[in-house]
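Paired with chain B in one complex and with chain C in the other, chain A is shared by the two complexes that follow.
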Partner chain A sequence: MKRPVLTLYCLLVYAFLLAPILVVVGASFNAGNFLTFPPQGLSLRWYVTFFHNDVFMRAIRTSLWVAAVATVISGTIGTMAALYYVQHAGRWKEAVRIAMLAPLLLPEVLTAIALLFFVYAIGIGTTTMIGMIAGHVLITLPFVFINVSASLESFDPSWDMAARSLGAGRLARFRRIMLPLIKPGVIGGALFAFIISFDTFTISFMLKGIGTSTLPIQLFDYLRTNFTPEAAAVSTVSILLTLVGVIVSEKVLGLRIHRF
Partner chain B sequence: MMPARRKGLGSMVLIAPAAVLLGVFLVLPYLNIVVMSFRMPGQGTPYGQGFTIGNYTKFFADSFYLLQVANTLWIGLLTTAICLAVGFPVAWQLARGAMRFRALAYGLVLSPLLVGIVIRSYGWTILLGNAGLINRSLTGMGLLDRPLPLMYNALGIVIALVHVFLPFMILPIMAAIQGVDPSLESAARSLGASRFTAFRRIVLPLCLPGIQAGCILVFVLSLSAYVTPSLIGGLRVKTMAVTVVDALIDTFQWPWGSALALMLSVTGALCVVIFARLTRMKWKAMEP
Partner chain C sequence: MTEVSIERLTKTFGSARAVDGISIRIADGEFISLLGPSGCGKTTTLKMIAGFEEASEGAIRFDGKDVVNVPAEKRDIGMVFQNYALFPHMTVDQNLAFGLEMRKIAKPEILNRIAKVLDMVQLGGYSDRYPNQLSGGQQQRVALARALVIEPKILLLDEPLANLDAKLREEMRVFIRDLQRRVGITTVYVTHDQAEAMTMSDRVVVMFGGRIAQIGAPSDIYERPENLEVAQFVGQVNLVKGTVTGAAGPGKSRVASVFGEVAVDSRTDHAPGIAVTLSLRPEAIELKPAGRGRAQGKVTARYYSGSIIDYRIALDSGETLHVQTFPNTRIAEGDRVSVHAPADGFWLLGAAK
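Let's look at the complex of A and B:
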């Protein structure tokens, strides 16, 4: 270590980044009725309470379902748009990029409110999940786009040309050449999309219907009135789900997330 | 001519779904909310008949809301400045440091992004509350008689927001520093520049775009943050985003809520434009 001061400083920042997450995980094993320090012994009782709590279990199912649907839609649309952006956009390239990143650049609160009014204006309201899923697709789209277009930038068009000269059709070229090359980008983007959708709050908060609360909303509602460590158990399970998703993608699918 | 046109049409199929999605679920809702902000308030309904500029005059006439916007901007600025000060050395270390655990360190920087914002804010309430971990430890050790007021104020909101948005500052700056060739610095040093001068005159100007991107991202995100100020600020300190959302959820005043949300966003956008102008000028001045 050449610069001990810098290293120490960075370690402190890493501790700061981890602190609230570790505290939540630690609090979930508290045996007491309230979040007290030091904890009144260790116990898994709040996990048992959580697993028997229908409201939270339903919220987890809703979250997973919405995230899966949104990921499939934004994964498909975002990948297609990235293909267009890198290979066909020409002089519209910059415009396409700004449009695709727009949901990320616009304030999420404003987008959420605008969408809420819009679904009422066109008459579907929040009785269906259309508004919520559209919102989730919107905010996850930029992440798919960034990841896929980054992996496409390294794509050499001469490979495609070579396959074409050897008589490969459009579909065959896409399946045999393009897809294997952009696979890591698509998987990384989809994983990012899933996690963002699973964790997002504002969009779901504004567009939720009756009985369609996602996990973050249910947790937020719970935290406004309750102080038991059950919320910590819920949070820990949610963190674990994300972690398992990342590890599985990395081990099984050979994930490589491009930074943004 | 034919093949070219077919190719053009074929490629349009690729962008069409995204264009339709953004057109229907982003552009139309934004146009709708602008129109909504000029509607009359309704009696028993979300909005009434006819149009007015009353929602905007109400905003500018009431110092309560102007003060709240100023307060929100102040929290955003503070969060951005602290993120920059805290994040820059870490970005530097990640980009340049000869570390054995670079992958781990990079994972640590990314890790907060994998944990939902509600959970992270909840973690801060456990740490910062009057009976929270920090205050209990300090009073337990006899360092304090009364708990420090860390929650239900701007300080607590800023601490938690810095945590929530720090990765968005570190990542673009790290990318920018990685783009600066270290040999440029060595060249400056060999020509007699001190380490500080080499940093100020060579490295800093070259990674300004990354710093600018990080600052804008953090500022915009902290202005529209809802969960963190709501959980940490409680009822005592409200930022604009909290007021807007609560106004819509609790009172169903759509035109008024629209006007408030738009005013907050426009103010934020203005700040970003001014900031971008200033940094560009600075940037130009730094060029030799």
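Let's look at the complex of A and C:
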């Protein structure tokens, strides 16, 4: 180690970032009845409880379903918006960018309240999941947009011209040239969207409607009256889900940016 | 094969005329270069031929058929870009197959054609490489192969050698020229390098500010430039003031200058007594030890560069001359010299301004 101070600094930053997660994971293996760390004895009993808890199971299914739908919609709209932004926006470029990033700049609670008023004003209400999904799309859109437009900026227009000169129409050019070349950006953006949607509290809380619940809301509800290690087990499972998501996309879909 | 005819082609960007009413007829199998300084409209012209830019006015005909409204992907052109524009996510084979797949050609035929074209550009064995695993020169040849493998009507190249080092550039000039001859494809080549245009082309189109200054064979452009701008763009040139003293046969005038009275080639006739400007190429001049000849002067600088020596001569009459000689010339800086210029080294550019 050539720079002990820097090394120590980095270690501290990592500790600061990772320690809470490690504590939660550790606490989830608790054999005792209370959410404590270090755990009092090791056991998987709280995982068993969790997997037998219908309320949590329903919430996790809702969360996964909403995140999946929101990711697909957000990925499609965000990619299209990025295409417009980079290729056609011209002098509106800056305006388009600010509009697309607005959900990121506004406090989420404002977006949520505004959307709540809106869905009631137009008569959709919160009896279906449409409002909540719209909210999730709204807050995940900027992440898709940023990722895809970054990869589009490094897309050389002469690739498109070369493909045209070789006889490729619009669709073939998009499918065979552009999409493969911006794929890392699209997948990266979609991954962000999924994780953010899975994780968001405020939007879901405002728009979920009666009877449905997402995992973060259910967890919050649970912790208001209980303080068992089951909460830690729930958290650990969601961390695991996120991690699996990242690794699978990386391996299967090829998130590696520097393949060429 | 294909004959290309460009008629009063114009491209305006806002109020700026990037290409301003140019007309060129390109014969079947001809190699034409568009030569001119940066910003003169070469790329814009090429893009209009390719279909990447819409023409504001004028016509482009392939074998007599106007293609102005035909989109680029239907024009059947092969194009080579300055940065090669190889698809980075495809291997050499996949890059070459792309255009053939777009034409719905059967797999065995595709493989057949790829093998043939790779052989032609001497890249057999590189099939499975990705573009970033190739040198600049190899990428260049893949780009060329990709444009040729679809057997297009016309080959268009936009400064394809600009990113290569000097030695490779000279090799590739010859390579591309030979390949073009063998294939016999009508070719438009854009460059701002006059030596490149000269060595490769059947005819050179010299452009300035969106207009054509001159079209002609390389020797025509070099030896009989239309005006001062062309003369200066295609090589070093000395300007000599003179006065017309009379006619000297068809396309020749007698002109008196510091080098005496000589019969000079010209494009137009000039009346006696008119002041004219003559061009005199540096390599046409001969230096001899002082004392003989009319024009006397002094060597003010001498630059040795291997194949030639460059001299700057201050004439006693006040002019400065630029002279190029073989490297075995034994004349040093500061020497007094007499300067000889044969009559056919001169060209009458026009009336003096």
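We adopt the following convention: the second predicted complex is superposed on the first by the 250 of 260 C-alpha atoms of A that agree within 3 Å, B and C clash if a C-alpha of one lies under 4 Å from a C-alpha of the other, contacts with A are read in each partner's own complex, and residues count from 1 in each chain.
The criterion applied here is as follows: a residue touches a chain if its C-beta (ideal position, glycine included) is under 8 Å from a C-beta of that chain, and two chains touch if they have at least 3 such contacts.
These numbers were taken from a predicted model, which means no experiment stands behind them.
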Partners on chain A (chain B, chain C) - clash or fit: fit
First, second, both or neither for A:Asp156, with chain B first and chain C second: second
First (chain B), second (chain C), both or neither touched by A:Leu115: first
Touching partner for A:Arg164 - first (chain B), second (chain C), both, neither: second
Touched partner set for A:Gly123, first chain B, second chain C, both or neither: neither
First (chain B), second (chain C), both or neither touched by A:Ala172: second
First, second, both or neither for A:Leu181, with chain B first and chain C second: second
Partner chain(s) touched by A:Met206 [first = chain B, second = chain C, both, neither]: first
Residues of chain A touched, compared between chain B and chain C (which is higher): B
Minimum distance between Cα atoms of chain B and chain C in the superposition (Å): 8
Interface residues of chain A shared between complexes with chain B and chain C: 259-260
In the complex, chain C residues that touch chain A: 50-52, 71-79, 81, 83, 85-89, 98-99, 102-103, 130-132, 146-147, 150, 156
Chain A partner contacts - residues on chain B that touch it in the complex: 7, 11, 13-15, 17-19, 21-22, 25-26, 28-30, 32-33, 36, 46, 86-87, 89-90, 92-93, 97-98, 105, 108-109, 111-120, 122-127, 131-133, 136-137, 160, 163, 166, 171, 175, 220, 223-224, 226-227, 231, 241, 244-245, 248, 254, 257-258, 261-262, 264-265, 268
Chain A to chain C touching residues, read off their complex: 156, 158-159, 161-169, 172, 176-177, 180-181, 259-260
Touching residues on chain A, where the partner in the complex is chain B: 2-3, 6-7, 9-10, 13-14, 16-21, 23-24, 27, 35-37, 76-78, 80-81, 83-85, 87-89, 96, 99-100, 102-103, 105-111, 113-118, 120-121, 134-135, 137-138, 141, 195, 198-202, 205-206, 215-216, 219-220, 223, 231-232, 235, 238-239, 242-243, 246, 259-260
